[in-house]
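Down below are the structures I want you to see.
Presented sequentially are two complexes of subunit A, the first with subunit B as partner and the second with subunit C.
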Partner chain A sequence: MILSIKALSVKFKGLIAVNNFSMDVEKESFHSLIGPNGAGKTTVVNALTRVVPSTGTAFFEGFDLLKMPPHRIINVGVARTFQNLELFKNLTVMANLFIGTIHKINYNFLDEVFNTRSYKSEQSKTLQSIIEIAEMLGIKRYLNMPVSSLPYGTQKLVEIGRAVISRPKLLILDEPFAGLNDQESEKLKEEILRIKGLYAITILMIEHDMKIVMSVSNKITVMNFGEKIAEGSPSEIIQNRKVAEAYLGDRSYFRS
Partner chain B sequence: MKKYLYFIPFVLVPLPFAGYPFLLSIFVLIGIYTIAAIGMDVLTTWAGQISIGNAAFFAVGAYTSAILVVNFHVPFLIAFLISGLFALIIGIVVGLPALRVSGFYLAVVTMAFGIAVQQIIGVFQITGGYNGIRNIPVPSFWIFKASPLYQYYIVLTIIFLIFIVLSRISFSKSGLALFAMRDSEIAARSFGINLLKYKLAAFGSSAALTGLAGSLYASAIGFISPSQFDLTLSLDLLAMVIVGGAGSVMGVMIGAAFFVGLPFLLSGYNISITIIQGAVLILILLFLPKGLLQIFKIKDLFKKKVT
Partner chain C sequence: MVFQQIIAGIITGSLYAIVALGLVIAYKVTGVMNFAYGYMGMISAYIFFTCFSMVGMNYILSFFIAIAFGSFVGYAVERGLLRPVRNISPASMVIITLGLLLVLEGVALQIWGNNYQQIPNLLNGLPLILRFNGGIIVIPQQNLLILGVVTAVIIALILYLNLTFQGKAMRAVAQNEEIAKLMGINSSLMMSISWIISGSIGALAALLVAPQTFVYPDMMLNLQIMGFTAAVLGGFESIPGSIIGGISIGIIENLVGTYISTNLKTTFSLAIIVAILIVKPEGLLGSAKARRV
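Showing the complex of A and B:
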């Protein structure tokens, strides 16, 4: 077990977005978090990465994420992507990937100004890892282009690359397949599975595309109205009546 | 190395005018304002913060330096460094509200600060009240002698040093952390960037640069009073960045030349300088949204717009 969430609650001025939510994520598993729109899935992730304040505990390898300052989360090995792309849009792909490694860089301002040896060696090490990741994701030829000039699918790859280059233990993906066509989805799925295998990453994914969720997940947690309503393997979830009801009883959702 | 070659024209420019000290002193002023405008550029274009109170840092630098030199006979070099340091500290304090407010609200907060500083300076005895400080001696010390040509090269050297530092940090941890904060605070934070630290650093370094410029200004002009550091100066500093070309030392230099040099150029004629400046400002924003620097990249002008 790499992440253990206990009694997580998030309130927005009286509105209870997440209520007493508990969930365990197994090490190196592919865990999906699903539920109808407004169920509170993104809010759970935002609470874990300290974007929104919350109560409860979320132990990740001995650290309570909910007690940490937001900029420290990445240091314990939790990286994420965002639902509506939070890329550094005026910067190039290379700069975006660079920022993914920024928490690991040790040199200080004076090293930069005087181009010291430690600066040069760290800088070339960073550039090497950027090229490595870019090659793996097939975005090497975009490295010097501003991200805002790239097609949406490629921007998504850059965002995943930025998270992966930080070498996380847990990668949280917030609707990575939204807005992609079937072909792009298939390609992205391959990439994510390959990265997961390569770096032995645990993945927690929020996603609406049931076909993909069912095909990649080891475990699925279903939320509705801020609470957990079901949890289990893909086959258990397909059979679950409460889940079917949450999705307006539309069973065709789960035929794949 | 190629980027350093852009400075060669600036080294050569004053030589034909060596016999015209007045012209040279305008060049010196342009250089001094460039330093202050770079301070504004770092804050806005690099860190994505806004300030329309930077004239206050300019004033802090100018007064600190002038008081130290006139009242306490401190050597100019030391007064120069102290005024930068003092502005830095005040800049960090002014940066504190930026942790809670942004955009228009931050603009208003910094504006209030700028106006407050101007009023406070007017009240005290040591600052000379609203009459200001007169006869600030031109330092005999080697760093800033009376000869305008000498001053020009000193100022140019300072700009050059700032340029080297900025270009070295622009693709390193500190520069990219500021850029990241500008483009998305949420993403920057989840990638380990401490917003508190970098916002304060941005305000601090912006204030320090502006303060150093203020110190040079006091010595170059020889007379300071609160009315020189009004809201217009803050807005001019902001406009210099936009007019010249945000995010580039060259662009900022052009912006400063436009705002400082043009009034002198037109002072002989019976034209209202504000009308011309205003009209040019609008034209630039319409046709050269990336600033006057765009003229030098003519190829870009004929490219199709990709948005």
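Showing the complex of A and C:
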């Protein structure tokens, strides 16, 4: 088990967005978090990455993420992407990917000014990994272009690249397939699976596209109204009555 | 004659430009428009005056003590005064910096009094005289020093922001603080650094202008107003914009002062700037904000 969430709650001024939520993510698994809109999926992820304040615990390899300052999260090996693309829009693709490596830098400012050997060797390593990731995601030819000038799908790849280049152990993807057509989705799915295999990453994914969720997940957790309503393998989830109710509404209500 | 005025304009303008630069750096990273900026620099000018004229220290040493003090003031104001109230509205932040302006003015009055204190130029040699057919340009050595120092600071700053990882991290915080944090960037450290840079630039501007304006509590009033104007003219978020804005205001002001009216030079140049901003509201190099709806 790589991540263990216990009794996570998030309140926004009286509104309970996530209530007493617990979930375990197995190492190197592909774990999906699904649920209707407003179920609190993104809030769970925001709490884990300390974007919103929360109560409870979330142990990741011995560190309680909920007690860490946000800028330390990436150092223990958790990286994420966002539902509505959060890139540094005015910077180039190269600079965006570079920012994904900043937390690992161990030369200092003076090394840069005097162009020392440790700076040079690390700089060339960083450059290599940027090119490697860019090549893998097929965005190498955009490296020197500002992100804002790229199409939406390509920007998504840049965001995934920025997360992957930090060499995370746990990669959290928030609706990576939203807004893509079938062809693009299929391609992105392959990229994600390839990266997962290559770097032995654990993935926690929020997604609405059930076809994709069912085909890639080892385990699925379903949320509704801020609470966990079901958990299991894809085949178990398909047959779960509570899940069908959450998505389709309470059928008994219509019958009566 | 006109060349002489343009050169003089570039030199005044370069001071406006670094004041604008200091304002813009702090604004970009922390989102605070610092209306106390000039007055923070003024305190450093008094520190220089105290070290050099009252204690009798070496000129260069006093200079660096004053700059270091300026960077400390920048750090302390951001960390102690503005950080705790980060979540209030930008308008309230502006009021807080205006309050700070009054406090700094009062402190300076209490400690050093209301007299105009003189501090000498660092370079007092013969001015540089350029003759060419049809004219003559005279540039005092102190003005050459101003030009040289300002150019060096601007180049160093641009290199720092564009080439070092710290500079890139700072730009990342400026663009999207939350995400910068998630990428492992210590955004509070970056905010402190931006104000340290801003504070030391403010001190530098005050020290460079002090031999001309004398040292007194309101010595930076004009420079601060013109620095703000330069920043607005440049688009307020753009560093090249601030530089171009500052230098163009300097030149406009000098030309208006010579050929139209000395008394009206500020009025006239500000009117020209208002005209420019009516035509191009986002500033010379600012980007028009287009939003998807």
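Everything below uses one rule, namely that the second predicted complex is superposed on the first by the 248 of 256 C-alpha atoms of A that agree within 3 Å, B and C clash if a C-alpha of one lies under 4 Å from a C-alpha of the other, contacts with A are read in each partner's own complex, and residues count from 1 in each chain.
One rule holds in what follows: a residue touches a chain if its C-beta (ideal position, glycine included) is under 8 Å from a C-beta of that chain, and two chains touch if they have at least 3 such contacts.
All figures in this text were calculated on a predicted structure; none of them were measured in a lab.
Following the overlay on subunit A, a clash is recorded for the pair subunit B and subunit C. Contacts of A:A95 after superposition: both subunit B and subunit C are touched. Of the two partner chains, subunit B is the only one touched by A:S149; subunit C is not. Applying the stated contact rule after C-alpha superposition, one finds that A:N115 touches subunit B and leaves subunit C untouched.
Residue contacts after overlaying the shared chain place A:I201 against neither subunit B nor subunit C. When both complexes are overlaid on chain A, the residue A:E86 reaches subunit B and subunit C alike. After superposition on chain A, the subunit B segment that clashes with subunit C is 258-266; the remaining candidates among 6-14, 258-266 or 294-302 show no clashing C-alpha atoms.
Once both structures are placed on chain A, subunit A residues 49, 51, 70-75, 79-80, 82, 86-91, 95, 98-100, 102-103, 105, 109, 112-113, 162, 166 are touched by subunit B and, in the other complex, by subunit C. Listed in rising order, the residues of subunit A touching subunit C in the complex are 49-51, 70-75, 79-80, 82, 86-91, 95, 98-100, 102-105, 109, 112-113, 162, 166. For subunit B in complex with subunit A, the residues that touch the partner chain are 164-165, 168-169, 171-177, 179-180, 182-184, 186-195, 306.
On the side of subunit A, the complex with subunit B involves touching residues 49, 51, 69-75, 79-80, 82, 86-91, 95, 98-100, 102-103, 105, 107, 109, 112-113, 115, 119, 123, 149, 162, 166. Interface of subunit C with subunit A (complex): residues 163-166, 168-169, 171-172, 175-176, 178-187.
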